[in-house]
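Per-chain numbering from 1; labels A, B, C and D assigned in written order.
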Amino acid sequence: MSAAPSTASQHAAETPRSTLVKNAVALFVLLGITVGANFLDLGSFNVVVALLIALIKAALIVLIFMEVRHRSPVLWMFVAAGFFWLLLMLMMTMADYSTRSALPPDWLHRTGRTNHVDFSVGRPAPAAPASR
Amino acid sequence: MSDATAIAATDPATGNARAPGDAVARADAYPHEHQFDNLAQQTDAARLGMWLFLATEVLFFGGLFGAYTAYRYVYYHAFAEASRELSVLFGTLDTAVLLTSSLTMALAVFTAQSTADSPAARRRSGRTIALLLLATAALGAGFLVLHGFEYYEDYQEHHFPGRTFFFPGAESGQVELFFIIYFCLTGLHSLHVLIGVVLLAVMAALSWKGRYYGGYHNPIEISGLYWHFVDMVWVFLFPLLYLIAPR
Amino acid sequence: MIDLRENYLSKHTIRSWLLTIDHKRIGLLYLFTILIFFLIAAVAAGLMRLELLTPQGDLLLPETYNKMFTIHGVLMVWFFLIPSIPTVLGNFVLPLVLGARDVAFPKLNLLSWYLFILGGSFALYGVFAGGVDTGWTFYTPLSTTYANGHVMTMAAGVFIAGFSSILTGLNFIVTTHKMRAPGLTWMRLPLFVWALYATSLIMVLATPVLAITLLLMTVERFWGVGIFNPALGGDPLLFQHLFWFYSHPAVYIMILPGMGVVSELITCFSRKKVFGYSFIAFSSMAIAVLGFVVWGHHMFSTGQSAYAGMVFSFLSFLVSVPSAIKVFNWTATLYKGEITFSTPMLYALGFIGLFTLGGLTGLFLATLAADIHLTDTYFVVAHFHYVMVGGMVLAFMGGLHYWWPKITGRLYPEKAGQLAAMITFVGFNLTFFPQFLLGYLGMPRRYHAYPEEFQIFNVLSTAGASILAVGYLLPVVYLLWSLKNGQRAGENPWAATGLEWTTPSPPPEHNFDQTPVVTRPPYDYAYQSTFHPREVEQTLENV
Amino acid sequence: MRFQVFPDAASTTAVQVDWLLAFLSLVTLFFLGIIFVPMGVFLYRYRRGNPVDRTPLNISTWKIEVFWTTVPLVLTFVIFGWGAGLYVHMKTPPEDAQEIYVVGKQWMWRLQHPEGKREINALHVPVGRTVKLMITSEDVIHSFFIPVFRVKQDAVPGRYTMEWFKATKAGTYHLFCSEYCGTQHSGMIGWVTVMEPKDYQDWLNSGSPQETQIAAGERLFHQLGCSGCHAENSKVRAPSLVGLYGKPVPLEGGTIVTADERYLHDSIVMPAKQIVFGYENLMPSFEGQLNEEQLFQLVQYLKHLGREQPPEYRRQGEGAAQFIVPHEAP
């Protein structure tokens, strides 16, 4: 559908200058945090933290710098579409990679071998014999 | 083809943007293209078109992100090792430069949007817009130079995949995989930055004489969308390439 | 009424064609271009069928045969099937049915044609400078390391043509959103527009992944190292994942517009409102979305994880349901209609028949255990030709005949049209049905020579191909003939609904003298009088 | 000219797959019937000029739509379940399977039996014994396809894939490469000979005696110096390999993987890919020093280690003696 006529005929900016500057400051603060976090050893959470911050930064850029918050639902839909389809691709590809070395449960069951991914075990104690 | 289209039908039912036809279009200070009824429709179409293009860009980079994700999962340690070979300092500088350029870009759009439709105001703003765009382009060029240094360092450390590649230890192959993905991702991104720099330089030249103002600023805004998108890609590249392993 | 005043075809200079930004002319440019590619690809197919007449590899060298099926695949898929209905009929019809003066971005539209020409030139250079023998799928590591020939040139051609496809899709989506005539709400859109919209969505969101995949393949071939390289621990299956992320949805790029065309034809020639409008419309969207998450069914026997195989198989079954809905609704539309067997209708009925069989044999291939035996055999070849040729090409021919009066302002000879449609249908079935049996017997695809017990079906198939060729050539003859000698078509020779029939044939350059206003639902045939379209023409001619 | 319409079914799986295909064909016929019979009737009855009642029915269509959405959906679930179940069966080799090593190479198949016997573009198997093929490729992707057994599996460079079958009918059958692999793709064919067990034994014993795969693997194990580090009394601390096959292995980083063929293979050519928890990354890569066949022999030897030993032997602690492999011809 045709959206209502937007800014074209008005002569005022949609986002005030102060908001833009504040947004840039926020982005720099987030940059500082993400670099700082890299010097802490959080185990696997390093990646989680870094990606979370990247997502926040991207959201700030999209919503404020790219002014998507002033746009119509149709535009929101297409902004989301690109990312949603990327997510589909990553998910379905990883559906293969994350289960590839696994064997069908039937196989494990019948041959009496233990299931190889036992998350309840967690990280084995260093003293334990590493391999049998 | 122009005048024949001027015969307009009015929409009895709704205030559809297409309804008023050229009657309103004539009232626009800036002429719109022939296929549209008015400037608002043209602006909306351009925005939607640009965002669709950006969606394709997301998936264009997405293929590489997919490869990255799969190998990152399979070769977890090799990728962490390889990531430690990259300089966080460089990466941080890269990010800072691009974030700053995004601000100058946003300010250029802001200036264009808020310029009143008078010859004096348009002339004055034109220069400001042009300078802000040039600053953005200069920062983009700075990013490219920084990356050039980085690539040179990688080359000297034998991180460039191919015959010259060397990495001690048995996981050399997987580290090389990381560096192939690294060079493809950053190379593709740098290519986008380069296109952006040229685009912004052209836009700066166009805007110098006050072509864009509150009533018509669409090209500036669309260029801005592109530039911010390039910035956003880097926002993801930085942690995924430089920060995946704690130092 | 017959309108002989100036129209979009009035200018005759080469310049006026090459620099046109008129969507109708660009549609014709595309028509001309894709027919050239179709011709080359069809010749390649003909040579393959001749080679397969005998079990021994006696007509072509193995490498020549391999190049033939690669050329056939690459040109047919990317330079004929994918652009065909969207860029020819879509370009011509979409702005007209929306009541718009042009697409949203006419210059991008022209650019997209030039990109197509550029990509096509690369591909043709690749073909004539020595060919490529990777198969259209470019599987690594064959394509990166072992294949000879102009792999990079060919990949560059496809890469560039991909951008042409993206621009077309982008243009259509924005046009559909922003350029609809007053009163033309989403639920009043012709089903062809819905189909084009769904197609465009796939074009825009899938094609970039193909581009990056081919880029990575080319980088690896050029550079000697790359991310699919097993020597570094790279996974050749990753290429297949990325490739099919595009290429499976690409199948829907090929078939969805065909379904849209058939929805138009079935309603028009049974003079009846379509049954289950919203279900047909939304099933297009469902296919477009679900089509993205089923690509792994091309990889059941490749060593993909068994779990992923089950997920992909399950989703593949889900995507079959919207297609079934469409077929049921088309059949139900015929009920209590007033059916005429004009050429477009014959093609549409042929489409339903062949597409249904193609779709049902798709169930065999979505079934995990059955696919193991059938994949990479002629069963697969038969299946996708039933969908692509039996479906898409018949829909394209039907659509071309349907809109031919609008495009050229002339009617084609009806009897010849009906004859060609029937020859195509018979020839097609004779060509491809034996291949189902060949596949079940176990004949692998892409074989240049084969054991002799497969011969009888191959002979049948080649015989059918020669009939099919006649079915293709006949329309070329009478359509060209009709350009000069066909009866003049009025505004609406079929008495069809839809805004494109409210403007003169051929339409003026700006499409409509007045922006049309839509006040009625689509396919409102009950509202129209029930005279037979051709009778109107007759009376007009006699006047 | 030989002429066939239906392929032979010569394995246990083939019969099961044929039942599934028969069911699918029935489903196809059913749908063709319920679409084309009404369509034919409508086309005839409602043709233009036929004087019939055409007053439109005023009924709500959504119930019909839901009906013909649900029925195919349920039917597809049935097909999916059947296909997936059989697929799992096809991916699950019985425990007693005899392993034959297959490597694809442009444009031939090389095979080796555990007893050491080698074949090119041919495969001899006995009736009634489960045979498991461990498949890999030296160059491009191939696919090992035996139509009469209804089995097919791609050979992917850099990894092992598996297919298994139990032949039921003696005879000679086609063997195809079904994944396009370059110029002579259609020449990459051969014969599978299914023999009565006694004939098979004779065939196996014919020709000069060969070194078994395990023996060859053991020889390589010592030649390459693997035994130097992987013995418990060695100065270099390396994980023990006895009984490793099929066991869970904890890795650096907390993940646990099964020591399957792929793991063993990759640990030789890419030792750093998966470091056993608590160990250092010391092992050099053997990439390029071994061809795929030798690698497979090593893997077979490692699988054999500890598998054939009597229980009390395993409990005696882990000394250097463990590398003495019980000599019994497998």
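Please note the rule applied: a contact is a pair of C-beta atoms (placed from the backbone, for glycine too) under 8 Å apart; a residue touches a chain by one contact, two chains touch by 3 or more.
As the structure is a prediction and not an experimental result, all values here were calculated from the model.
Enquirer: With centres defined by CA atoms only, which chain is the most remote from subunit D?
Expert: B
Enquirer: What pair of chains is linked by the most C-beta contacts?
Expert: C-D
Enquirer: Between subunit A and subunit B, what's the gap in Å when you average each chain's C-alpha atoms?
Expert: Their C-alpha centroids are separated by 20 Å.
Enquirer: What's the distance between the Cα centroids of subunit A and subunit C, rounded to whole Å?
Expert: So the centre of subunit A lies 37 Å away from the centre of subunit C.
Enquirer: Could you tell me the distance, in whole angstrom, between the mean C-alpha positions of subunit B and subunit C?
Expert: About 34 Å, centre to centre.
Enquirer: Which residues does subunit D have that touch at least 2 chains other than itself?
Expert: 88-89, 91, 255, 270, 273, 287
Enquirer: What are the residues of subunit B that contact at least two other chains?
Expert: 16-18, 41, 44, 48, 52, 55-57, 59, 62-63, 66, 70, 74-75, 173-174
Enquirer: Could you check subunit C for residues that touch two or more other chains and list them?
Expert: Expected reply: 177-178, 180, 205, 209, 231, 233-235, 237-238, 241, 245, 306.
Enquirer: Please output the residues of subunit B touching subunit A within their complex, sorted ascending.
Expert: Against subunit A, subunit B makes touches at 16-18, 28, 38-41, 43-44, 47-48, 51-52, 54-59, 62-63, 65-66, 69-70, 73-74, 88, 92, 95-96, 99-100, 102-103, 105-107, 109-110, 113-117, 213-216, 218, 221, 224-225, 228-229, 231-232, 235-236, 238-240, 242-247.
Enquirer: Would you mind writing out the residues of subunit D in touch with subunit C in their complex?
Expert: 1-7, 16-17, 20-21, 24, 27-28, 31-32, 35-36, 38-39, 42-43, 46-48, 53-57, 61, 64-65, 68-69, 72-73, 76-77, 79-80, 82-91, 106, 139-141, 143, 145, 147-148, 150-154, 156-159, 161, 174, 176-187, 189, 270, 273, 287
Enquirer: Could you list, by residue number, the parts of subunit A that touch subunit B in their complex?
Expert: These residues of subunit A touch subunit B: 1-15, 17, 20-21, 23-24, 27-28, 31, 34-35, 37-42, 46-47, 50-51, 53-54, 57-58, 61-62, 64-67, 71-72, 74-75, 78-79, 81-83, 85-86, 89-90, 93-94, 97-98.
Enquirer: Taking the complex as given, what residues does subunit B use to touch subunit C?
Expert: Residues in contact with subunit C: 1, 4-5, 7-9, 11-14, 16-19, 21, 33-37, 41, 44-45, 48-49, 52-53, 55-57, 59-64, 66-67, 70-71, 74-75, 161-163, 165, 173-174, 176-177, 180-181, 184.
Enquirer: Quick check: in the complex, which residue numbers of subunit B touch subunit D?
Expert: 75-78, 169-171, 173-174
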